[in-house]
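Note that the chains take the letters A, B, C and D in the order they are written out, and that residue 1 is the start of every chain.
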Amino acid sequence: MHSAAAAAAPIVALTDAAKHFGAVRALDGVSLSISPGECLGLVGHNGAGKSTLVNVVNGGLSPSAGTVAFPASGAGSALGAGVRSVFQELSLCPNLTVAENLRISHAALKGLRWRGQAREEIAQALDQVFPGHGIAADAPVDSLSIAQRQMVEIAIGFAPRGTEARLVILDEPTSSLDAGIAEQLLSHIKRFCAAGGAVIFISHMLGEIFAVATRIIVMKDGRVVADEPAGRFTRQGLVDAMGHVAPDAAAVEAARSFGETVVTTPEGLTARRGEIVGLSGLAGHGQAEALARLYLGATSSWRAPKAAPMVFVAGDRGRDGVLPLWSILRNATVSILPRIARRGLVDRAEESRIAADWKARIGIRTEDVTNPILSLSGGNQQKVLFARALASDAPVVVMDDPMRGVDVGTKQDVYAMIRAEAARGRTFLWYSTETEEVCQCDRVFVFRDGQISAELSGADITEERILSASFEMAEA
Amino acid sequence: MTLFARYRILLPVLSLAILLAATFYMQPRAMSYFGVNLLFNLAVPIALATIAQMCIIMVNDIDLSLGAFVSLVACVVATFLNDTPLLGLVILLALVLAYAALGAVIHALDLPAIVVTLGMSFVWGGLALFILPSPGGSSPDWLRTLMTVKPPFVPMAVVASVLIAGITHLLFIRSGLGTVLRGVGGNARSVARAGWPVIRLKALAYGCAGLFGVLAGMALVGLTTSADANIALRYTLLSIAGVILGGGEFTGGKVSPVGAVIGALTLTLAASFLSFLRLSPDWQIGAQGAILILVLTARLLFTRRDAQA
Amino acid sequence: ETSDKRIALSNNYAGNSWRQAMLQTFEEVGGQAVSDGVVAAADAYTTSENQATEQAAQIQNMILQGYDAIILNAASPTALNGAVEEACNAGVTVVSFDGIVTAPCAWRIAVDFKAMGREQVDYLADRLPEGGNLLEIRGLAGVFVDDEIHAGIEDGVAAHDKFTIAGSVNGDWAQEVAQKAVAGILPSLPEIVGVVTQGGDGYGAAEAFKAAGRDMPLIVLGNRQDEMAWWAEQRDANGYETMSLSIAPGVASLAFWVAQQILDGQEVPKDLVVPFLKVTQDTLDEALESTPEGSVANTVYTLDDAKAVIAEAK
Amino acid sequence: MKLLHKPWLWSWVAAAAAFALTVTLTGGSGASELAYAALSFGAFAAIVGLGQMLVITLGPGNVDLSIPATMTLAGTLALKTMGSDPGTAWLGLGVAILVGLGTGLANFTLIYLLRLPPIIATLAASLVYQSIAIWSNRGLRIKPPEGLADFATGRFFGISNVALVGLALSVVIWVLLERSVWGRWLLASGQNLRAARLAGIPVEAVRAATYLAVTVFAAIAGYLLASFSGGAALNMGTEYLLMSIAVVVIGGTSIAGGSSNVPGVWGASLFMFLVVSMLNSYGAGAGVRLILTGTIIIGIVIAASTRRATR
């Protein structure tokens, strides 16, 4: 299968492409070509330059050096060459309906009946990629859950839109999808490539990469460090190539003892002192809402006590976490200001000390913590949000899918940090779309339709048990 | 309740209906062809100005110069368009293009629209003073005839409002290009990524605002028969209030042309309703504020907002 | 016989003491007339902003409310003509005063604003035989009254060529604005011998001159109580001498009686002229005494005054 | 060049240019007079501008249109309470501040409880305040007590007292914004209200405090202005509606929220006074004056923004 693909002219060819942001070499001389029928898995640590590579390919950024060409179509622009992108951060127009969003990327839809055509086309695309999706073409996007939006965006990426999609770039498309939906996407990618399309698939979930990629590229610090057919990699080999020495997936320790119950919610969610409680189930079934309610209920919009009772780690960075005008330093310390203030004034020496400490502890990739937070890659921004929460002494930490876009190596570090903090008596409530993370927990609540459908603990926490609890009532 | 969330237009319609019923109850004389026309004819230029403001709010900007612009247009219409129609037309066209250029500049240099339009309000005002240092001019006859025409059964004001609402609905909600324009307000980046020249879209939105501003100025002169440099200054705030009353939002490209027209009618009617109440002069001004608050509070009663921060 | 007739006052602005005095006079005179059974109603309406469009709507509402006469202090002499014509067509009598309208069907009780400007310069010419530089404080740009008074002042300066207008600022008829504008232009001006104003901004100008440490020029005042009090103070201290002139807010009562006469079927010419109210050095104490603190010098017109004004115009 | 990147630079450059142009007209004489006038009148704009700046820092859509009405109401009620009696200056100040607190509280109640957009809420509320001012005093102009009037028009070491009050308030605001926890909270809320709330910031308290601060500042300005100009008038605040917004944005504060700029407010306030003085001095009519003022405002914004972009 490989030789057939290689024979055709590549859809896109990069030669020595580089992109510099000031001193940062986000992309440092990459040569790469993608042929029809290929599914390219792209992996690398946070800030390796994956998103930058994608933006150079699709024309969003022009390279500082080197060239980007589209030999197969001979077109001058990515759009003309049939290159489509699904971006790491959601990029639909929330005020428009699903069908209207298709119209944005499908300029050829014209005439009086364009609405009907758009509806039909998007419905078809959704049916094809995500059978049984349950998304109406006339629904305004802002009424959809984050997973549904991601699905719409992927469907628009694959939709015919007048011309044919030759290369679809998916930048961490599964980060907010649950396992079942992600599975649907993976099988669609396989079908698409088999039919002669090409895909660049970026993910930090190595399992997914192995499941779909025909070729895997590993990036590190703006360079390609490995580029081989998928079959030549093992999981460990991949992790080594990325430059992380991942500790063995830590086995859950034998049942620990916990303190008194410190959290109870109307849904029946409980957590004890020192416990790591997971929230699982299909995406969009009320886990995030339950956590937000819990957090907003426990804290006040009117008072900020010196010792906060609870802190929050956001997963949807842009919406819930990052303060975009500020430096890394100020973003990291914003939650602990009352504690480090004297007579209402911030103690700036203490602040710098704490920020430097956490930069080291959590490995934020930056030279200077006074750089703007937006100069960090997605995953590194996420680490800042972790630092913000862990730096406070709040006894309860609420985490809303906090590992979105965090690379494998960092994840392991963070898991360890969480366990250490839990051992010191902190309680964690952790919603995740990834079963692997849920398995790190002491106790797991599975959500379905906004209610708890199962409570698992200890050895019961297995992928099968969780999946069956997620679907149980659906089948009934 | 979800009914109101789903059909945002219901609420503006309902507030207008209630206010209208109250007005008719207070002043039965208003319930006639003649009465309805008197109640609403001055709402026609306001409705057009509100649509103009909506075009700007649609792309996430706000226009603080609209009132001054409509005043300038009124001065041009009452002088040049009346005396030398061709020159007048050229000037009006130039004004529309100036608005479009403004949109392009704001986008290209990434300027805050609120400041640029604040500055432009001085410029428009100064130009208007040049044209009409003191009130005067007169409406072209055809315009006066058009604005005072008496169609059978339904008064001009109602016909005009329905036409404005219908046409702008087609233009901004139903049409493909209108959808893309709203997309610019929703997420300009994704529109740009889809290959649209956002700068031209912004220019188009501003150009539309300029066009409707010009129409507002013309309608106004047709009704008042003459102009002065300060004639429409209050349209700036009135148009913003109209867009919001009509269910629009300041950011995110959420606007409704039909709602905007209804908002303009509601604002006009609210003032009439108050004058039928015959309050003491001390409180007449305050009552206008109170009724604005009241009508908007209805939004709270019906549309439940996310409890989240 | 007008005991069943209803009269409304359409007012476009309430934001200064002149307008407040006007509203108060109308309330007193109108209220008295209602309780005497002369008319059935005399209601005052004020718009929230000083805008012709809003006032046009107000007039249209008055038509709907079935008033028999509307007396009108207009935001614009021409921009209300559409609404005024609607009113006339509906059989409503429209009497405009102070801010008059040009619609042919309406009555006008006008002040000769041009003469007001001219008289100021004439007075200065009298008092300052050797002439010199003048500072002009104008009102709100783009408004009819401002243009008229300004034209009168220009006429006056043309007639007395010993005067030149060294500087001109817009004071928007607000004391704070005038004070600020004068303070801003003063540093660049040569010696000023006289200040011509449009009323209500003389005190602001005086404050600005004082703050700049300049010699106090001859400032023509505008009948506000605080201006006159300042004048009296200066007079007592150093013999300061000037004059003050403006239209009396009580002209609303004149308009009321004129409207009543028209409704009564009397023959009334369309154009009436009302003299402005002038305060001189001799009448200063008298005027100060009769003006409430913080208000404006006023004259209340009676039915007989109205009849006299009508007779004079015939 | 670090200086060239300061957002407040351009308003100061423009103010200096307007000053120089006016002074050249007279060949240098009157410079100190002009500077004194600019400082004292600029101070009123700066005081209301500082308040408006805090509100604008709260992010898009946050603006207070009730400033003129609050100034008028505070001036009116304070002067009515004092009634020209000597020794009542502090009482009057207290009344003015109470009025500011009252209108701010009312504004925020509309914004918070009724969830009205601030533009509309403050606009509508200001009509009510205007009515209260009319009703309470019928437009009568009461003179301030003599001592207070002397203070308001007086000077100390050659700088007008009003400007000194303005400068003192500016220093307080500057320290709050740059150093205090409250300032951090305000700046964070302005960037992303939801994220700020989830980071544990008491965002409603911050918003409430800000909406109270702006009206208190407006009230103080109204009190001073009424004392400065010999009494409160119903229209005394009118010109500060656009002025308060203009000085904030010309001064380089981002309208998108989350960043604010105290020196810029002063530069812009001086500029707004000096540009009118300059154009008046050159004999420009109202039309020319407006057109040039508008053009210069846009010019400053463009200059400031292209600097930002090349950073």
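The working rule: a contact is a pair of C-beta atoms (placed from the backbone, for glycine too) under 8 Å apart; a residue touches a chain by one contact, two chains touch by 3 or more.
Computed from a predicted structure; not experimentally measured.
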{"item": "Between B-C and A-B, the pair joined by more C-beta contacts", "value": "B-C"}
{"item": "Label of the chain whose CA centroid is most distant from the centroid of chain D", "value": "A"}
{"item": "Between chain A and chain D, centroid-to-centroid distance (C-alpha), Å", "value": "45"}
{"item": "Between chain B and chain C, centroid-to-centroid distance (C-alpha), Å", "value": "34"}
{"item": "Whole-Å gap between the CA centroids of chain B and chain D", "value": "29"}
{"item": "In chain C, residues with contacts to at least two other chains", "value": "14, 48, 141-142"}
{"item": "Junction residues of chain B, two or more chains touched", "value": "129, 133, 284-285, 288-289, 308-309"}
{"item": "For chain A, residues contacting two or more additional chains", "value": "296, 301"}
{"item": "All pairs of touching chains, each written as two labels joined by a dash", "value": "A-B, A-D, B-C, B-D, C-D"}
{"item": "Touch list for chain D against partner chain B, complex", "value": "60-61, 65, 110, 114-117, 119-121, 123-132, 134-135, 193-194, 197-198, 203, 242, 245-246, 249-250, 254-256, 285-298, 301-302, 305-306, 309"}
{"item": "Residues of chain D that touch chain A when the two form their complex", "value": "175, 179-182, 184-185, 187-188, 191-192, 194-205, 254, 258-259"}
{"item": "Of all residues in chain C, those that touch chain B in their complex", "value": "11, 14, 23, 27, 43-46, 48-49, 51-54, 56-58, 60-66, 76-83, 85-86, 140-144, 146-148"}
{"item": "Chain D partner contacts - residues on chain A that touch it in the complex", "value": "295-296, 299-304, 308, 311-312, 314, 319-326, 330, 334-335, 337-338, 341, 344-346, 348, 388, 392"}
{"item": "Chain B to chain D touching residues, read off their complex", "value": "64, 109-112, 114-116, 118-127, 129-130, 133, 237, 240-241, 244, 250-251, 282-290, 292-293, 296-297, 299-300, 305, 308-309"}
